[in-house]
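Same chain, two partners: chain A is paired with chain B first, then with chain C.
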Partner chain A sequence: MSTGSALASNKRGIRELGAEEMVGWDEVQQGVVLPSFEGDAAGIVNMHAEERNYADFNSYTATVASWRVIKPVYNRDICIDCQNCWVWCPDTSIISRDKQMLGIDYDHCKGCGVCVEVCPTNPKSLLMFNEAEENDEALAGWPQKEKKAK
Partner chain B sequence: MAKEFELNEVEVWDGNYAASQALRQAQIDVVAAYPITPSTPIVEGYGAYVANGYVDGEFVMVESEHAAMSGCVGAAAAGGRVATATSSQGFALMSEVLYQASGMRLPIVLTVVNRALASPLNVRGDHSDMYMGRDSGWIQIDAFDAQEAYDLPLCAFRIGENHAVRLPVMVHQDGFTTSHKAQNVYPLKDAIAYKFVGDFVPVDEMLDFTRPVTHGAQTEEDWHYEHKAKQHKALMDSPAVIDEVFADFKELTGREYKRVESYMMEDAEVALVLLGSSVHTAVLAAKQLREEEGIKVGVVAPRCFRPFPYDLIRDALDKPSLKAVCCMDKSSPGGAMGALFNEVSAAAYSTNARPMMTNYIYGLGGRDFSVDEAKRIMKEQKAHADAGHITTNIQQFSGLRGPKLGFYEIRRS
Partner chain C sequence: MAITSIKNLKEFSTNNDRFEGAHLLCPGCAHSMIVRELMNCTDDNLVIASNTGCLEVSTAVYPYTSWDTSWIHIGFENAATAVTGAEAMYKARKKKGTLKDPDAPVKFVAFGGDGSTYDIGFQWLSGAVERGHDFTYVCLDNENYANTGGQRSSATPIGAHTSTAQAGSASYGKKQKKKDLVAIMAAHGAPYVAQLAPNKWKSMAKGFQKALETEGPCFINTVSACTTEWKFDPKDTIHLTDLATDSLMFPVYEIIDGHELNILYRPKNVIKVEDYLGAQGRYRHLFKPENKHVIERIQKDIDENWAMLQRREEARI
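Showing the complex of A and B:
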C-alpha cells in the first residue's frame, strides 16, 4: 500500500461532527447505541483503518478537531520510527504503517501534545505550533540539536 | 449446569429470602452488589447459591453501590441478564447510574428493600428511596408481602427484557415489615420458574464481535431530547407488556397482579391510597370499619409506581359514591405535598366524581402504622364527606408526637 492512501483515505474526516441527518425521536437508536461499522465486522481487526467500512456514527468519518488551538508538526528527517507517539496518542491520531511513521491525522488530533512529550529524539521529531502556522514554515525553522550541558 | 434447589410446595420465607430465590431461579449472568441493610440477605443469599453451585453466573463484589450499578450496566451492555439489590443510602449512591441504565435501555432488575434516607441515619423502612427513583426512567413495581417479593422479580425480568420495553425494573418491598417478616410463600419449581422468565435475548450486546457498537454515547442539545422522548415513550407504552406478563403469571400460578390493586371500591364513599405493606393494614382497617360502623371504605394501591397508572387510578376513583380520598405518603415530602397525593390528584381530576383529596405523611423512619390509626384517618375522610368539604389541613401527619402539624387548606367562599 502506498503511504499516501493511508494519510488521505476517502472516509476519514469526510464530514463535520453533527452533520448527520437530524431524524426525530421515533428514528433515533434505542439506548443511543451506535454501530461502529456498516454490515458484518468479523475480521475487521485484520484490516487497516482506511479499509474498514466505518458507519456514519463512527467518529472516524467526522472531523472532530475543530477546537484544537495548537498542533503537533512532524519532522520526517529526524524521526527514528520508534513508535512512542503512536503508542501514547490518546486519540489514535498518529498514522503509522509497517512501523514507519507517516504523519498526523489532523481530523482527530486534539492538540494535547503527548506525542511531543514522549518523542525521544534530539531535537524532537514532533513539536507543537500554533494552529494558524503553516507546516512548511514550522519545518523551516526547526530547532538544531541541543548540546549536552557539561 | 446449575443444580436444582429442592423446594417445598409452601416455604416459610421472609421477603429478602423470597427475592433472592426468585433471582436464583432467573439464572442471572452477573450480580454486582454492595450489601446494605435491610436488603443484605438478598445478595448474601445469592452469593451462597453461586458458591454452592445453584447458579452458573458471576457474583461480583464491588467497593460501593455506585460501582455495583456501574458493574451491572457494564454486564448488561455486554449482553447478560443482570440484577442486584440495595436500600436507602446505597440507593442514593446508585442514583447517578440508575439514569445511565435506563437511558442506555438496559433491562437490569434491581430489588429495592425500602428504607429511610439520612439524616438522621435510620435503617427502618419508609419510601424515601423508592420516591427518589421515580424520575430515573425505571419501571417501579411494589411488592406488599413476601409472596409478592418472590413473584414480582420473576415478572420483572420478563417485563424489562421484552424487546418492546428494554427498560430496567425495580421491584420494591418494605424494609423489615416485608423483608424480615417470615410468611408462607408458594414458590415455583426451578424449571417452571425459569421457563416463565425465559432465556435472555440480548440486544446490541458488546460481546457480539461481528457488530461492534458504542454504548453510553454523549449527546448535546441536538440529540439528547429525542433520546429522552423515545425512552419516555417506551416507559409510557410498557403497561401493555406489564399487563400481558401479569396475565401469563396468573395463568401459571393463579396469583393475580394488576398495575393498580383496588379493594372494596365498588361502593366506596371514602378511600385510602397507599403503597407497600401498609396496604394490608389499610384493607384490614377498611373491612373492620365497614362491619363496625358501616362506613363504606375502599383502598387503592398502585402496584406499579412507574409508569404511574393514571388510567387505572382514574378508573378506580371514578365512582359516583366516592366523596373523599386520602393519599398517604411514607416519605418526607421536602416542601411539597406527598408525591402520591400529587399523582393521584392529577388522575382524580380527570374523573367525573372529582373526590376531595387530602394527604397524610406517615410511617417515616419505620414509625408504626396501626389498624386503629388507619381507621381514624378513614373516619376523618368520612367527616369530610359528611361536611361536603375538607375539614382539616390538606396535608397532615400521622403518628407524629408534638403539636398538631398541618399545611395548606381549601379556599371556601
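Showing the complex of A and C:
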C-alpha cells in the first residue's frame, strides 16, 4: 500500500454534507437502517479506511471542509511521530499508518486546532494557517526553533 | 477479548478507526475524542446505543451514520435499556444456537450525555445496573444540556452560568451542588465504576478496557469539555481538561466492586480552582467581588472531596 492511497481515498468526502435533497417529515421511513458498508461488514476492524467498502450512508463519504476558516498544515521534517494529534483529533482527521503520521484528512477536518496545541515539538510540526493560503507557501515560511529565554 | 495494545501512543495509533469523520459535533468537541478512544481500545464487535444528546443527533444525521459498528438510535432516557435488551437477546440466541457466528466476541456499550445520565435516564440506568447485565455505560459529562441550548442539569457545578440558571444581579448562576453520580453507581454494587478524563489518554484507555473486560454492569463518567457552553476556544479542549484534572475539579479514579477505590492520577502540582474557572466564560461572573464566596465554597468542596477520596483509597471502604 502506498502512502498516497491513504491520504486520498477515492470514496472519502465525495459529497457536501447536507447537499442531498431533503425529504419531508412524512416521507422519512420508519425504523430506518443505515448500512455503513456495502456487503459484509465482518473484519473491517482489520482494514484501513481506504480498503473498506463504504456505503453511501457512511459519513466518511461526506465532507465538512466548508466549516473551516483556518486549517492545520503538517511539516513532516519536524514531526517525531508521537501521535498526540492522532489520539486527540476529534474528527478522525489525522492519518497514521504503521506508527507514522502521514498527513491530514482535509475532507473531515473542521479546523479546531487541537492538534496544534498538543504538538510537543519545537517549532511545532503542525500550525494553523488561513484556509486560503497554499500549503507550500505555509511550509516555506515555517518558523525557526525558538530559543529558550535566558 | 481482543484488546488492543495501549503500551504507548505509537502502538495505539495502529488501530483502525471505527468512528468516522464528517459527524456534526462542534470543532474541538471532546465527545468524539472519548468515543474514538473507546472504539480503538478493542477489536471486538461492538453493539452501541446512544441516548439522545449531542452525540446521537450529530453522528446520525439522516441519511448519514458515522458509526462502523452496530449502533442503535434510541430515546432520551433508554440507551441503557436498549443495549441491555440487545444483550439479553444475544445471550438467549446463543443458548438456542441461532447465532450466525456464536464465537465472535461482542461487547455492549451505551453512551449518554450528562442530561440523560444524571437526570432523565437515571432510573433506567439504575435498573439496568441492578439487573446485572453485561454492559458498559459511558457518560459524556459536559455539565449541561448542550444539545438544546445549555440548560442546567444536575451535573452542572455550583456557580456555573447556564441558560436556565443565569448569572446576574440577583443570582450567581446555579446554586446547587453537582450530584456525585460515581458514588451512586458504586453504591449499586457495580463491579467497575470510574471517572476518567480524555487528557489522560492512557488511564482512560486502561479504564475502558477494564470495563469492557469485566463481566457485569460497568459505569464510566468521563469529563467532556464543551467549547460552546463552557465558552472557551475550541483549540483549548485538552488544555482545559488538564486544568480540570490538575485542579482536582475532576479527580481521576476508579472504584472496583463498590469499595476498592484507586486514584489513577495524582497531579504533581495541584493548581487553584481559580485557574480552571477563569479559563471559561461560564464562570466569569464569579470573579466579581460579591461572588468571591462562591469560589471559596468550590475550593472547599474540592478539598473535602479529595481528602475523602484519599481516605477511601486507604481504608478500602
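As a working rule, the second predicted complex is superposed on the first by the 135 of 150 C-alpha atoms of A that agree within 3 Å, B and C clash if a C-alpha of one lies under 4 Å from a C-alpha of the other, contacts with A are read in each partner's own complex, and residues count from 1 in each chain.
Just so we're on the same page, contacts are C-beta pairs under 8 Å (C-beta built on N, C-alpha and C of every residue); 3 or more make two chains touch, one makes a residue touch a chain.
Predicted, not measured: the structure shown is a model, and the values here were computed from it.
Look at A:Asp40: by the touch rule set out above, it reaches chain B but stays clear of chain C.
Of the two partner chains placed by the overlay, neither chain B nor chain C lies in contact with A:Cys79.
Touch criterion met: A:Phe57 reaches chain B and chain C at once.
Within the superposed three-chain model, A:Ile14 lies out of touch with both chain B and chain C [touch as defined at top].
Between chain B and chain C, it is C that contacts the larger number of residues in chain A.
Contact with chain C, but none with chain B, is seen for A:Asp91 once the two complexes are overlaid on the shared chain. In the superposed model, A:Gln30 lies in contact with chain B only, and not with chain C.
Common to the chain B-facing and chain C-facing surfaces of chain A are residues 18, 28, 32, 34, 36-37, 41-42, 44, 57. Those residues of chain A lying in contact with chain C across their complex are 13, 17-18, 20, 28, 32, 34, 36-37, 41-42, 44-49, 52, 56-60, 62-64, 67, 81-84, 86-93, 96, 98-99, 105, 107-114, 116-118, 128. The touching residues of chain A, counted against chain B in their complex, run 18, 22-26, 28, 30-37, 40-42, 44, 57. Within the complex formed with chain A, the residues of chain C that make contact are 9-14, 16-25, 27-33, 36-37, 43, 59-68, 101, 198, 201, 233-239. Of all residues in chain B, those touching chain A in their complex are 103-106, 166, 203-204, 209-217, 219, 222-223, 225-227, 229-230, 233-234.
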